[in-house]
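Here you go, one structure.
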Amino acid sequence: MSSIEPRQSAAGPQQPAGQPDQPAGQPAQPNPPVRVTRSRRSALWAGIAAIAAVIILAYLPYIVYSATTNLLVNFFMLLIMASMWNLLAGYAGLVSVGQQAFVGLGAYFVLLLAIHGANPFVAIPAATALCGIVGLPVWWLVSRLRSGYFAITMWVIASVCELIISQFSSLGGGTGMALPGLNLSPALLTADTYWATLTVTVIVLAAVYLLLRSRLGLVLTAIRDDETGARSIGARVGRTQRTVFLVAAAGCGAAGALYVISQLAVDPGSAFSVLWTAKMIFITIIGGIGTIEGPFIGTIVFFVLQQTLSQYGTWYFIILGLVAMAVAIWAPRGLWGLISDRLGIRIFPVGYWLWPATERERPARGLALLRRG
Amino acid sequence: MIWVNAIIQGILVGGLYALFACGLSLMFGVMKVINLAHGDLAVVAGYFALGIIAVTHTHAISSFVHVPVGVSYALVVPVFAVVGYVVQRTLLQAALNRGVLTTLLVTFGLSVVIENGLQQFFSANSHSLSIGSLVSDSFGIGSQITIAYLDVSILAVAVAVLLGLQYFLSSSKYGRLIRAVADDREAAQLAGVDYRHVFGIAAAIAFGTVALAGLAFGMYTQFNPTIGTDQLLLFAFEAVVIGGLGSLWGTLAGGILLGVAQQIGAQYNAADQVLAGQLLFLLVLVIRPQGLTSRRETA
Amino acid sequence: MSVGAGSGPLLEVRDLTVHHGQLEALHGVSLSLPAGAVHAMIGANGAGKSTLLRTIAGLHKPTSGSILLDGTDVTGLRPERRVTAGIVLVPEGRRLFPTLTVQENLLVGSDSARPGPWTIDGVYDLFGWMADRRSQRAAQLSGGEQQAVAIGRALVANPRVLLLDELSLGLAPVVVRRIYDLLPRLLGSGVTVLLVEQDVSQALHVASRIHCLLEGRTTLEGAPAELTAEQIEGAYFGLRNGGNGAPGGGSGSGSGSTPGAAAVGPTDGAGSTGAGA
């Protein structure tokens, strides 16, 4: 999916979007003149909406029951994990079926630090960083492996992590243990957990967005579209993949840290369960792999399915799996791909828009004042 | 002598692992696909066998004819082979047409769906397959080595299957076609080979052997819905990597080495059994990723 | 354009346009191959020659245009079906099955054979040395030997139209000569040949008609005797002075559309892995 394409929406002549804070680009060809911008007006509205949403979300604990905030905590956790898997597979071309390794490690790092007296909330960034560091030797192990081998080896590594941690009775052994260090009232605990989750989510998503907007992101998009082609033009594929791998390790670690805090207990089986990866994969595929918006949509779909079908046991998961398989084969760009194609919108402006400067462009009212050629 | 016993046990279970691995290896060698649902198929075979036995022992049927348990088991393998062909020609071919990523995802989805489906219908409890007196009888060598007849039988079956497969691949028409398609799919097309049909045959063989392995596993120990991915898939893959792709004897060697490593690990600590095998796997991956017997670079 | 005695050409390509993704590899290419003839495609790298052969063999789906074998439209047939219909390609780079023996390579070729004069033993007759090496793995043969086995693998299928892609690639001239010297025997057994050849003089020596491609378009067509060196050069490189128009008439000659000095053309499919038509 190329981000560089002229877009004429079906609704008629386009409003040009020159964002006030973004460079309007340089005209490239003499005939017709072409303008390059980073985003369209839809992105500006989306940006405003996102900030508003975050503000509203931050106030939620004052307004709604803890059941809702707990639900949102799970939602955000999954969103983080799906965004990480999307980054790995959709952009860097690394299909990992073992990200649960880092989820579990993140949870256990927090546990470890809490056992030694740290406040679990404070331990979140530490656990995140530690997972990123652990990612280095893991990358060294797997970086040469091709896709199928890479996928399963990550799974084996997750299994190894689980088995090793189960051996430490100080960490609860095979049955797990409760998380110490959180002596707050239940209401405050729920709210704090929620705010911590919200903060981490915003940070992670902002990081993903900035990453993809950067030069690194350009390389990633090149890899996403054609890895061999990217190598052949000299893109540093290996180093870029390593960076993404470490970021994904850290991100999944952060999600794991949030997990143990939200559960107040952890056991190896749940922390290192392959179901984490299953959820990441299904969400990303259904939502739209290789797009930032995809994981959002996928997580929403996941939650809707889970809430409506939860009384039927794990049926929602089975259906999710079947839908993911069908989407992978018949709609490989996922739901967001379908929507984006129809409406020609991108919410997160990480690509480049090409504008033919014809007379058909009408300056957007009001915004014209802000625009400087 | 405890170590000798461990090694012998490792060899015996290694045959079973090799049986698991050969289907995975075949599908990867021919179609370049790692079937992440491979382990789960073995578990399905186990449940399927239980189902057949249950059905044939219902009064309606058993009043007509006594179907020995062995026949029920024997039905499972050809059924799975046919299922394998169908699944390959439909689902997996559609995914393959899209690419390697899609195929990986589809087999993963299949794995999750199968496991959750089994849990829905059969609960998370463990089951095993009965084989009458065979399970407990054993013989001894010296005073410290005990070998169960079942284990030896499974090893014998595994070796026989591998031998048969080797013969099939080297001497039969379809074996030749499978090797040709594995070497160069496009050139095979240009020589008039319908590679989708050949893929189907390979998948049929893979499904059939993994079903057999699943039955053996069910007799050897207990199975539950999630053991396909908890253990079986990883063991099969580890055996393939340790032994090397491209040679069935490599797969057997890999299975045996894995089994031995596990048994040695178990001598230290019962919890270390699986871990020991995985550490060996990682070691081989670092030192000699193409495996012990393979000449080609595969990873 | 010579037409067979009342029965039309054996192989006909009509106005073929082929894309690799968004890149146009062939544009409106047509050719007509009568039974028993040898036609040669020449052209620079990237001109589309291999793409043309691969499309005729079924590995690429054309965007538009059609391919007819003896009057029957085969454009929709999968590659393996075209083999049984009588179109067999010996691909660029030989593409033997490296882990299979010589004998096994030939066996694979004969599995989908049409009835006809060629058998594995016949191939062993054609290449005297091959029978002794029949149990050797294909990967252990030299380039020239591999080329022979590749041709043999195609022959045992008893093709009506044999497509040869860059036989001479990577082979010593002596070896190439020897292989081309066999062509009369192939023709004598009822095989019609369409070949792609980098070596223009070799093509002129062997073929009864030459097609020149440049950037996916036919720039020249005619019998070797009718074409001058300047015409061929001009058509090959696309120079404005030479190569406009085609004596002897030919469909799709790129007069007026030959661009300036040879720009980088679309890839002609060398090395691309078709996922099956």
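Order as written gives the chain letters A, B and C; numbering starts at 1 within each chain.
Following the convention adopted for this analysis, a residue touches a chain if its C-beta (ideal position, glycine included) is under 8 Å from a C-beta of that chain, and two chains touch if they have at least 3 such contacts.
Keep in mind it's a predicted model, so treat the numbers as computed, not measured.
Looking at contact counts per chain pair, the maximum sits at A-B. Centroid distances from chain A, each centroid being the mean of CA atoms, peak for C.
Chain A and chain B have Cα centroids separated by 36 Å. The geometric centre of chain A is 50 Å away from that of chain C, both derived from CA atoms. The centroid of the Cα atoms in chain B and the matching centroid in chain C are 45 Å apart. The touching residues of chain B, counted against chain A in their complex, run 28, 32-34, 36, 91, 94-95, 98, 100-102, 104-106, 108-110, 112-113, 116-117, 119-120, 229, 233-234, 237-238, 241, 269, 271-272, 274-275, 278-279, 281-282, 285-286, 289, 298-299.
Of all residues in chain B, those touching chain C in their complex are 97, 173, 176-177, 179-180, 183-196.
Across the complex, chain A meets chain B through its residues 89, 93, 95, 97, 141, 144-149, 151-153, 155-157, 159-160, 163-164, 166-167, 174, 274-275, 278, 281-282, 285, 313-315, 317-318, 321-322, 324-325, 328-329, 332.
Those residues of chain C that touch chain B in the shared complex are 57-59, 78-80, 83-84, 88-89, 91, 95-100, 104-105, 107-109, 111-113, 153-154, 157, 273-276.
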